[in-house]
Structures are given as C-alpha cells and as structure tokens.
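First the structure, which I've put down as structure tokens, then a few questions once you've had a look.
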C-alpha cells in the first residue's frame, strides 16, 4: 500500500505563492468576501508562513508553504465526533464535507492550524461557477475543509494505471501545488517506494518535519539547510 | 613591602624591556617549518620546489637580510598576499609571537642549509684542487692521506668541513713537507666534492649526516672553543682576528666552512706562534658554530628615532595612529614583550588597516629596510617613554 | 387524611405563598425574560440561516463564547447536586433549606450548558449524525454521554426529594391538581414509602458525587486531550472540578440571597447558612488559586516556547486584562471579603459571589481563547471579538436560567418543606443521639 | 443509514463519485450552475488539454488548459515550454477569472455620459468601425495622418507589435508607442554598448550574482523563468552553488531568497556600483585583458584635438572610494569592500540591475554604473556572463509601400518625443506625450487607440494624463474591461481575452534563448468581442488604398501562419516537445540535422499550435565587434554616443557655447559637468528634504501591473506574504515605527507633497529605516466589481518626476512622512 | 368528583406514571443501543474501539442504575399503597 507524502525543499522555494493559487483553482476553494478576509476567514488549503530571523540589516527570511500535513497520527481525526475526518490506508487524511457537523473540534486540535472553516455559504459569480473543477465537490457553509493532497487526482491516476495494468509511476500522481511549482521545490510521491524521489529526499540530512516532537508524524517533510 | 614589590615590578619591567631589544638565538630554527606548514604558507610558497607555485620559492638561494629587512619585505607584500588569500578563498593566518619568531627564523635559516652539490663537478674538483695527489678515490690517487672510499662518513658536506678543519694542522704540515699549494675552496665546491665522495664511497650505507646547527649552542661553543679570544662579535671579544660582525656571513653552511678552511693556514700559523691550542670539533659542534656565525647577520643596526618619526609622518601612520585616529594610539599600546611583536602585530592588524586604507582611498605604505629600522627605533622610543 | 396534612402545613405558609400568589413583578420579569430569550432565539435562527460567519469567530480562534459558556454553565451546575449530596451525606443539618435551590440550579444550568455545543455547530441540521455515525472516541461524545448521565441523575436527584412536597401541593388541591397527582407518584407518606424514598436518595447521593466529579473532568478532557499549548495538561481534570464547585457555590449564594430578598425567606435562610457556605467559598478560592498557581508554574518553569507564547499572551499580551481580572475576581476579592468578619455580611458575600462568577467566566475565557489565538506555527496571533449574536445568545442563556428558576419557584416550593418539617420533628432528637454516638461511651463498652 | 469507512472513501475518492457528492452536498444549500449539474448527470466529461500562452503579464509563459466538455476548468504550466517549463506564478493561475470575469465588456459600446460616469450605449461592430474608419479616412484625406496615435500597453514582443506598427506606418503616423517601454530601459545598454535590447544573463553558469535592485523573482520580465533558474542554482548545494547578493531598499521576494540582503537608500544604486568598481580596480580584480583591449575610456585618454579626457578609472578612484560611497548610500564601507572582493574573486560573477536602479531620476546613469561592473569583469559573451539573444527567424511583414500621404505623416516628429531638449533618447515618454497633447505641440492629436494596459493607472501623473485623454476628440479603447483609462474612451471595442484569441509572442526580454509562443483560442468567444488584430485588419480594409495592401491578410491567424513559415523553412531550433534538450539539439545541429520531421508546413504548423511554441536554445558566441556597436567599436565606459546626442541637442538650441551646454545639461537634470557627464556617475536625486522618509513602491507577483485586480483570487492573495487581503499596506521598519509611535496593523497616513493615502502599517524588519514601502496594484476607481474601491494606488502620491534622458518614471524619487491615522 | 370519576382519574394518572417509567427505560435502553452501535462502528473501522468500550463500561451501568432507582421508588410506593387500600 503506498503512503503518499510531500517533500518541500525550502532552499529552492522562493515563496512565490503559486502553490496557493494552484490549490485554490484546482480545489474550488471559495474566495471569501473582502470583509470576511479582514476577519481572518480566508481559506487557503495551502498557506504561506513567513519567518523573519536576525537583526537588521542581517535579516533572513524563510517562507514556508503550509498544506495539511496529513499526519500519520493525526490529532484531528481523534477528536472528530462523527467520523467526518479520517485517515485512509494510503495515509491521506480526508474530510467528508457532507457529514461534518461543523463543531470545529478538529481545527482546535490541529497543532498546525491546517484546516479552514466555511463561515458563510461560499459564493461565486455565476460566470465563475461555470469553470469549477468538476472533480472536486463544492463545500457548503458550516463545514470544515482542508487540503486533500488532491485526492481526486489519485483516483484518475489509479484508473489509468488499472486500465493499463501497471503500478502507479513515481511522479504520476501530483497535487496541483507540486505540479505547477515554478521552483520545482515541491515533490510528491510514495514513501513506501524506495525508488521514489520523495523517499530519497525524506532521508536527506536536510529533512525535518514541523513540530516533530508532538508525535503527529506529518507526511509533509521540509528540506532546509537552515535551522 | 609595597616599596619592595614596586621595585621588583620595575626591575621585571626593565628586564622585559631590555629583553625586547634583542632576539634570543633559536636553539632549533627548523621549528619554524611546522608553523610554515600549519599556517598554510607552504600552499603558496615553495621551499626548493616543494610547495605551492603561486608565490616565490623561498629557498632559491635567496638572502632575506636581517630581521627588519625581512619584516619590511613581508610588510610590503601584505596587500598582494591578502588579495591572493581572497582569490584562493584561503583563510588568512594570524600568528602568535612565538609562531612569528619561529617562522622568521626558519625563513632566515633556509639559506644556511645550502644546496645539493654536483657529482661530476666534485670529481673534477678533486683533481683540480690536487686532493687526489694525496687522497685516493675509487682506487686512484695518492697514498699519503686516507682513502676517501673508506671515509663514507664524509658524505655530509658539513661533516667533511669539520674533518677538514680538524685535520687542517696535520695536513698543512704534510703539505709544507711536500711543498704543495694549500687549496682554497668555496662553499659550493665543498658541496660538490662531498656529493662526489658520497657517490664514490664504498660505504654508502653508513650515511652519516649532521643535524642542522643550533645557533644558541654555537654561541656557547664560540666562547668554549676560544674563538672569542681572537674574534669579536658585536663588540664582544678580542680584536686580534677579524670582527665577525663585519663579515658577510649570511651564507650557506658550506660557504662559511669554506671561509674557515681558507683562512685556517693563516690562523694555524698564528696560533702556533702564540702557542694557542688548536680547537678541534666533534659531533655537531661545527654545525652549531657555523649556525651561530650565520645568525650574526640577523641582528639589525640600530635605527634613528628622529628619522623614524619622519617616516611615521610621511607614510601617513600618523593620520590613524595618533590624536584619536581610527587605529590605536601607538604611545598607549602594550609595550613589546619581544622585538618580534612589532612584526607580529603589524601582520595581524594588516587586513583591517588594508581595508581602512582602501575605504579612504589611501595607498598601502611601503617601508624600506632603513625606514623600518628607523620606524622601529621610533616606536620603541615612544613605547618606552611610557 | 387531607385535613390532617393541612394543619401541619400552615407554619411554612411562607414557602407556599409564591406558588399561589402571582404578583405583577412575576409577569414583568417573565415578560422581559421572554423578550430577551426571543431575541436570542431570533439571533440563533439568523445564525443557522447565514452560517457561523455572523459570530466573531475566525480562523485561528475557532471557538468563542459558545464553548466558553458551555464550560462555564456546566461548571455552575456543580453548585447543586454535588453540594447538596455532600451536605446530605455528611448529615449537615443546616443543609435543609438550601439543597433544593442548589439542585434546581444544577438541572436548569446543565440543560442550558448542554445546549451550547449545539449552538456552536456549523451544521446544527446534522446534529443527528452523532447518533448515526458518532465516534465515542471523541471527547466531545464523552461529554454528550456524561452530561446526559449527569443531567438524568441530577434531575432524578432533584425529583425524588421533591415527591413529598409535590404530594403536599396535590393534597392542598387548587390549580394543576392532576399535574401534582401525576408527579407525586402516589406518595402517601407511609413509613414504607419513606423508607423506600430515603433508601433511593441515599443510593443517588453516593452515585451522583462521582458522576458530578467525572462530568467536569470530562469537560476538561475536551481541551486536555488535544496537543495544544495551554490545554494539554493533566491538572485540568481536578482544576476544572475545583473551579466548577467554586463557581457553583458562588452561584448558589447569589440565588439564595436573591430568593431571600424577593421571597422574604429570612426566616429560613439565616446568616449562619451564608456564613457556612461562604467559608466553603473561601476554601474553594484558595484551592482554586493553588491549582491556577500550579498550572502556570509548571508552564513557566518548563518554558516550552509554544507554552510560553500562550502564557505571555495571557499575562502580558492582549489577554492581560482578562487574566489579571480573573485573578482579582477569583482570589483577591473573595479572600479579602471572606476573611474578615467585617466584610462577611450578606452584601459582602453577594459581592464576593458575583465577582467569583465573573472571575470563573473569565477563567474559562482565558483557557479557551489564548490557546487558539496562538498557533504554534509561525502564523500571526489571532484575536477574537464576539459579535452581537454571541452576546445576545449569552444573555439569552442567562435569561433562560433566570426564567427557569422563576418558573420552577412558581410551581414548586423552593425550599424542601418536608425536610424542614423532618428537621423540626425528628432531627433534634436524632442529632442528639447521633452526637452521643460519636462521643466515646462509658469505659469498657465496645461496639 | 450505515456508512462504513470504505464507503465514504469511495464517495470521496472517485471522480464520478465526487461529482455526485458535490452536487448532492450543495444541492440543498446553494444553486449549482445548471451546466455543472447537467455535466454531473452526464457522468464524467470528456477531458481535453490545449496549449497556449498566458497573457496575464508580458512574461509569456506556456500554459496547458484543462477542458471538460470544452469548458476550461483548470490550467497549469506547459512542461515543455522553455520559458517556464511547467512552472506558473499565482497570477497565471487566475487566468480563468479573466475569461469568465463578470465585468467584461460584452460588446462594442459608446460612451454617452461623462468620462467615469459609466454610462455606455451598445453599438454594433459595423457601426463602431464605420465611425472610426470614417474619422481615419477624413484625416487621411486631409493629410493629417500623423494626428492618429496608438498606445500599446503590452511589453511583450510579438507579432501584434509589428502588426500595429505596420498599420500605423501604412496609415502614415509616427505615433505608435509602447507604454511599459522596453526601449526606455535599453538606453544604458545603447549608450555603453550600442545595442537596443535587454541583455540576458547566463545565471546557470555563474558563481556570484550581484543584483542591484533587480527583483527578478517578482518584478522581472519573466519571474517564472528566473524562479526556475534560481531553484536550479539552489540544487547545486555545497561549494559549487552560486551566491545571490541582493541590493535593495526593501526585502523584496528576491532579497528574501538571497544569501545576503544589502539595504541601500533609493536612488544611490549607481554610487554603490561605482564604489564596488573602485575596489575592483584598486585590488586589480577586474579583467585587465578585456578592459585594455575591448573597452574605451577606462584610462584617461586623449582625443583627436589633443585634449585629455577623464577616464572611468580616475573618476572612480578619486570620487567613489568606499568611505564616500558609504555616506551616499548608507551601506557600510566594509560591506562594499566585502561584496566587491567576493565579486572579483568568484568568477564568473554577473551583475544585474533593474527596478530600483532604473526607476529613478538618475536611472540611466545608475544603470550605466551597474552595467560597467559587467565590463570590468569582462563578462561579455562568456559563460556565466552577459549576452544578447537573437531574434527568431520569423518572416517579416511585407514591406510597406508608403503612399505620399503616409510618407508625409511618417516624417513628422512623434508626439511623444519632446519638442524641447528633454528625453533625447526615448521613443515614448508619457510625460512628453501628455504635455504635447495638452499643448497641441507639435500638432493636435485627433484619434487615440488604446490597446492593453492601463496607462492612467500605471503612470504617475494621473491628473495631466486624464486631461490629455479628455482633450483627444476620439479615443478608442480595445480593452476587454472598463479600466480607468477606458473610462475616458469614446468607444470600447472589446478585445478577446487571451484565452479566446490568436496571437504570437517571441523572445521575452532577458530570457536567454530565442523562442516563439503561439497563443490559440481554447474556447469560442464567450461574448460579442473581436480580436483587436482582426479589427485592425478590418479597419485597414475599410480605409483601403495602400493601407489595405500593407496588411494583405485574411485574418490575424493567417498572418501568424505567414510569419511562422520562415520558422519552418529556416530549419533552426525545434518545436517544443518532450525530450528536446538543448544539448541534443546542438548535437544534431552541429551535424547538419534538424530535429523533428515535418513533411510540410501544414504539419509543422499543426504541431506548433498543438505544442504551443518553438525555441532555439543554441547560440554561438559572437565576436566582440558584433556586440559593441559603439562609435569606437568597443565597450564604452565613456559614452561617445551620448556625447554626440548632447552635442546634437546643443546644436538644436543654437550651437556650442557654455551657456547652451549648461542649458541642455540642466534640462536633462544632469548635475555633473565635464567628462563625467558621459561616464557612469552618481547623479543625486532631487528629493524633498523636508520629508523624512523615502517612498518605495514595488510590485507583487500576484498583481504585477495592477491588471489582476479584477480577479478575486488575486485580490485575496494580494498580500499573501503578510496575510493581507484585498488591501494595500505600508511596510515600515519597526524602529521607524517606534519613532513615529506607530503600531503593527494600525492605519497610517502616508503623505507626500502631492497627496496622502491611508494604509495599514505592517512592521517589517526587512526594510531600510529611511524607507516606507507600499505595493502597487490596488486602488482602482474602475475596473469592475472586484477591483473598484479596494486598497489605494501609491502612484497617486508620487511626484511627477522622470528620468529626463530615457523618460522612465521615477517611482522612487518621492519622499513622504507618516503619521498615525487612528 | 365522585368515586367512579376518581377511580378513572387515578387510573389515567397511574397509566401516565407507568408510561413515564417505561419512557425512562426506553431512554436508557436507547442510549445503550446507541453506544453499542457506536462501538460496533468503531470495531468495524478499527478506529480505537478500546476507548469506546471503556466509556460504555461506565456509561451504560450508570444509566441503568438511574432507571433502576426510579423504578424501585415507583414500585416501592405502589406496593404499600395497595396494601393499605386492601
């Protein structure tokens, strides 16, 4: 059984924000109104953290793209009262929007603040509704949503692979962010496959995970010589 | 009590100050080799072909002059050296006083070690100089003196020089009997001859070599062997023989040995007249003595503090090192423990000084030997004033 | 049979009066409360219609007033059952006039508190999902279970001791006879019935104390089961229980003083009751301080960076005013007021109790929000400003509580009449015997 | 209803299932577009991919559009397109929001109210074209063809540029201008090297990149191209990795990724560059061979008349020693020394200069100073150096047979050229244009065409430019949206958005190889719009005569075909396909082979359209004589060309005399005198000393030219780095903020001599203490529901200052003060 | 209120009381069934069933005890009542 994981090379990442945009377009993530945005209710499945270090003028800036970390031991699924968030055998942590009751316990429990909530009904201009990605269901008000590692793409890839009776190739299943990263800083693949790029990079001495000591075992691994 | 303590303090201070005037003779100048390698000098400067090619080879039979002359050479090429350091991404070494001293001794000492001799020339020389008339080499030659082939121990030039010195009186006698001309030889010739003998000798396995001389020990020998009774060095000693300070003895060991050889007939005669015992050398003594003689040239002549002040002003030192300039006020710095510190401190502060000069569009102040001497005298005077 | 009852009742006529006499004040109070509640209901319906966006919650601060109030109300609920059960169990005779009041607080406030998580839901229409697809592993469902159990137990515990009084009301006749008839469960006051009732109450007393303690522990689990700094703490269980009892006593005192004033119960609720209870309050205040101190001491001593972020946010950051307000309200004021006899008047006690209730609410606020507002990762700290919706639902909840109390006192005596009677008739003798039994007997007797 | 885990997985995971869930899930709550429901009912749609070129910015990245049943739903980078190689930038991803934007102009309209009133009346295409062609014919008959002006707001070189230029030439007007004018920025290269082109830098082979204000990861000509290169550089970990040093007033995205950020005062980049040159010269780190053999004016030199002229070296040595430079720039002397030494000791090293350097009144000289460092390092035509890319072998449009009227019109001075002595080296100065239009100098403008861009919003002198627009009797805009500028238009003939139209682009400036990108319609036009190129063809046909013959094409698509025919016949390069690597291509080409086999042009064309482009990565190194087109045939530290220009200007106002020279230099804002004028030097920026802080405006990847403001995604992401959405903010150093008692997140007034704006303050240690930085992009007063009224436009408080030599807007020459606004 | 009516009234009241007692049982049983259902789901999904079972071990007996006490009281009251009447 594959174990899907993401490696983000922070040395290569410039922080251009394309992953954020790609994700929003691919996953039909709603754009909240400006007033809502002002109240910290924007929805980015892929967010960007900025860290400033040092004293002027010797400032170092690190920008860290932050998707859902798809922990192997996810604190969010432990607390969900209705099985609305789950981890599947391939390690993807999913969210079932039509089952979620909106208690936001998973958001409170997530140490990475990776989840977002539909505070209002998502709205689009009629024209924009035309170009929604049909592979991804639209969310409704009052439910929690988050990065799915573009799980719908996995389905397509699986179908293709099944049809051709072959295993999934390394790099065949790519979330939107990894696919379009201009810096080629995001890698995606199967951690169980020792040949995969992701496996090799995860063994790099530069590899680290956010808040590793919490024991959540995130499957998003960062590479950086800094830190 | 307090009075005594202050007295002791002042005594110590005076001792240290006077000590700063003179450099102690090294007991093993080759210690500097370690510094030379560890600090990475060897990566650019080769010694006789061993080492980097970026900078000049230090052992190509060059003479680097007295201490302050060496200091001036090093000082003047600091900017260029720094540039190379940056270009080659090397770390610029800094030195402690001890390291700097070792290094300087080492560089100075290099010439003493001499150059390898030429075998063919040696063979020719043996004939030319007439040695072959008495000594036998590879079965040819006279029978009067010992066969060189049995004397493998002469393979080292210095050992040979020592042996020659030691058998000088007896040889001189024999030669007078046979009415032979005393052969004058040069240092290179000793090298060549010993190289030839080494090759021709049957006993190549008994390859006896001498260790490079210990100048400090040499100084003791100079007194012990009685040289001081005739020769003076730096005003010390009798003036019967030549003043050794006035001779140019900054030559390789064999050159000095050759000079000794050449003047030995006159000396032997004089000694006979005055009934002085002819000094014999054994072991490493000859090497040590010659090393001492070699190091006589290391001392500088004293400079003129007044001219030094002029150098201090002309070269622009005054703009930074006085009246609250960027650099430290030199009249307030810690006095030198030893003379080497002038070079050590100048070396170590050079990059900062280089940067500041560059930033302010100033040139690097180059100092000639005389300027260096005078400057040194001036610095000592202002530092001692305190 | 009826006549016999009537004669004995007259002494405690003051306790029946509120049930049979309805003044203008009652209607005005109920009217005002209903309006508040209606407005709150309107705001809630609006929230359901538009979504949780109408509240002030936002992305890092995903929980706000609703969860704060949930914890707060459940905490208040400890007033009752726990206190009355402990007092009953320890046969403290002075308990007789106050147990019912305490129990009523529990029942009403528990119902209100229990509703708060549902108010907080983004999709209340899907609340039944917890029945079809619930996860008992989630601390939230532990809450559901334990609150249901506690609510059931405390309602039963309120109801059983009320049966004799309901029978009295039934026997007095008048309005709603069928209602009292139904509720009195055929109580005739026979010895057997008394025995059965006492036995049942005794079993309940024993049961209800662990349930009450566990409920608040479980509430604390909502927080301490997560990994969040400021929440992930083992001390939270007892800390919450202590806080709950603390706020419960304060709430009880407020209610007692209110009823004493409005129902003129000075004869029943004497200064001695307040003295005893306020001493208990003082002890709880000290205990609370001890727990708070330990909680923050461990945090500060360990100085884990994320933990420190939260602590600094509370102590020196935007929440400093709430944090230090909490310390003043919960510790400094009650200790000063309750330690000196001079201040320990009814007014003083009322003041201290009100500050304690406010302080405990601030404590809940201090627990819930700063931890959420300080994400561990390098994101900006959040801030939370409750909207009108949250304020009106908060006030609505308080109004429901007052209304519930007013209505209860309209239908049932607020002081347990039969227990007072029992006290008068039997206790003096019983206590004398009991006290004798505590004391060492004549030499040589062994038992 | 027992749902087991595996069941939900199926529901969530499967594509068809997801659609079902999606529609199920939201059916009850929101009304899903009918079309989507239909689609969902039909089951999975038919997925197709089409390649085209992104039109969000002039970078020209290749994109792949995913279409489901013919409706575009997603787009990603074209992995084979050489510029971006599958990479994208955020604004590229919101391209569909352009296509489906609800605020598009859906048919040609005529303004009936005052400008800005938003009152428009429908007008058919025919009628609109009749109005325009009528007016054009009238002008032509009157021999006033020069009264027509055309402003093209796209900086991307492509066929459209040639197309318009062909039309204007045939019509007989010299007034064709491009607004973000590349030619303005090439002036320094023209002066020193004689080439009118933006250079490319071989960053991949370099070891040390010294970037003067060049925010190439964010504001560069192609950020994605540079991001790819940057990430490649980072891959080479360890000693071999190139170092990036960013010199900038604020911590831009590039600076954030640099190994070292060196804050410098705005307007002093040139001085810093010369300070570095000083160290290179003093430390003898420059390329002596190149400087001695192939440069002019390095040492003092004697001209034919026997006069000694100042050389670059003496000028630098005596005036730009680090202590002095440090005073000017605020950069510590030690830092200057260190950078210079690293630069000289890490060869090959390359020096870039842009944005901060050129966007100031002294931009030309600063850029010359920066560029002279490349000469000192001998970087031309070297691995890891500077080079210029050849144009691709595209067919030129047929030679224009100017008739008499046209020839006469073309001889007139362009209206955007100053009639005075200012702006001697520019094709288009918006300042000169505005002034000349307002003063009818040298002649009035009767018709103005506006294509792409939004000059009013993007330029700094809003008031005068809008007055000028008002003055022109007929303004025709081709905007697909109503922008601030097209508010003033009399007619809007909506263009297709770039996903609906044909176009051809080539050679994005500074990208290091020749390439051609084909933009093709991926969906039929949604509304009654027309490709402007086709409209121009129609217009030329309507005007007839020689104008019609100059553009003998049925449609623009045919024209593109025509131009690519030479691409096919030249046999150079290759259509981008998988696996075409430059090394392989070179291998083949060296042996006389061509990659790809096409039996006919038709086949070539089909593949070209399908793949989206063509490129030629091979470039033979050129001789120095081919790249130095200067009077001396060498790289000129001392610009003889500039000397000639100045002398010409002096001639123009009455011949050589000290007064006239003084007058010319004064009008060009040059403070230096003597030989220094023609040497790279630091020209102090005339700033308002009464104000304490510099205002620096900068552009963000999400909205590089303010044109993405009508896309909600980009509005939301606008300040993603600081979590600021739909809003403008001001970056302030915490120490400065403390001085002015300003706290993070509070509102402040940023006030210049021109006006003031209210923005939220964001304290940021990554900015100079003397600087306030406000991002450009928001603050629209028009441009649709998503743009209007959000944020502020910092350009509105910029002083109307220009680089008087090349006409570039001086975006960093304004000083401001800040005060709390709460 | 005559005897007949009173008897009828008492009967109704008694039935209502019985109903309420049964309701308590239904409620309690419902909770038990619900909890068991959740346990079965968690066992099915292998989603930490231990925790669920732990909770249920405490929760179910508590509810049953409560219901038991109520029934005990009710039954206790009525038993003696009947005796007196007879």
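All chains are identified by letter, namely A, B, C, D and E, in their written order; residue positions are counted from 1 within each chain.
The working rule: a contact is a pair of C-beta atoms (placed from the backbone, for glycine too) under 8 Å apart; a residue touches a chain by one contact, two chains touch by 3 or more.
These figures come from a predicted structure and were not determined experimentally.
K.L.:
Over the chains that touch one another, what is the least number of steps taking chain A to chain D?
P.N.:
Tracing touching chains, the least step count from chain A to chain D comes to 1.
K.L.:
Where centres are the averaged C-alpha coordinates, which chain has the largest centre distance to chain D?
P.N.:
Comparing chain centres, E lies farthest from chain D.
K.L.:
Among the chains here, which has the CA centroid at the largest distance from chain A's centroid?
P.N.:
In terms of C-alpha centroids, the chain at the greatest distance from chain A is B.
K.L.:
Go through B-D and A-C and name the pair with more C-beta contacts between its chains.
P.N.:
Per the contact counts, A-C leads.
K.L.:
Based on mean C-alpha positions, which chain is nearest the centroid of every protein C-alpha shown?
P.N.:
Located nearest the centre of all protein C-alpha atoms is chain A.
K.L.:
CA centre of chain A versus CA centre of chain B: separation in Å?
P.N.:
Centre-to-centre distance between chain A and chain B: 74 Å.
K.L.:
Can you work out the whole-Å distance between the CA centroids of chain C and chain E?
P.N.:
25
K.L.:
Just give me the whole-number Å value for how far the CA centre of chain D lies from that of chain E.
P.N.:
Taking the average C-alpha coordinate of chain D and of chain E, the gap between them is 79 Å.
K.L.:
List the centre-to-centre spacing of chain C and chain D in whole Å, with centres computed as mean CA coordinates.
P.N.:
68
K.L.:
If you look at chain C, which of its residues touch at least two other chains?
P.N.:
133-135, 137, 141, 379
K.L.:
Scan chain A for residues touching two or more other chains and write them down.
P.N.:
40, 42, 50, 78, 83, 99, 121, 140-141
K.L.:
Would you please write down the residue numbers of chain D that are in contact with two or more other chains?
P.N.:
2-3, 5, 723
K.L.:
Could you please specify the touching residues of chain C with respect to chain E in the complex?
P.N.:
For this pair, the touching residues of chain C are 131, 133-137, 141-142, 145-146, 148-149, 152-153, 156, 160, 163, 178, 181-182, 185-188, 190, 192-193, 196-197, 200, 203-204, 207, 211, 214.
K.L.:
Can you tell me which positions in chain A touch chain C when the two form their complex?
P.N.:
The contact residues of chain A facing chain C are 36, 39-42, 47, 49-51, 64, 66, 75, 78-84, 99-105, 107-109, 111-113, 116-121, 140-144, 210-211, 214, 216.
K.L.:
Which residues of chain B touch chain D in their complex?
P.N.:
Residue list for chain B touching chain D: 83, 86-87, 89, 355, 358-361.
K.L.:
What residues on chain C touch chain A, complex-wise?
P.N.:
On the chain C side, the touching residues are 50-53, 56-60, 62-63, 117, 120-124, 126-127, 129-130, 133-135, 137-141, 144, 222, 225-228, 372, 375-379, 382.
K.L.:
Which stretch or stretches of chain A touch chain D in the complex?
P.N.:
Going by the criterion above, the answer is residues 9, 11-18, 20-22, 24-26, 31-32, 34, 37-38, 40, 42, 44, 48, 50, 52, 54-57, 59, 61, 63, 83, 86, 88, 94, 96-99, 121-123, 125-141, 151-152, 154-156, 159, 176, 179-185, 225.
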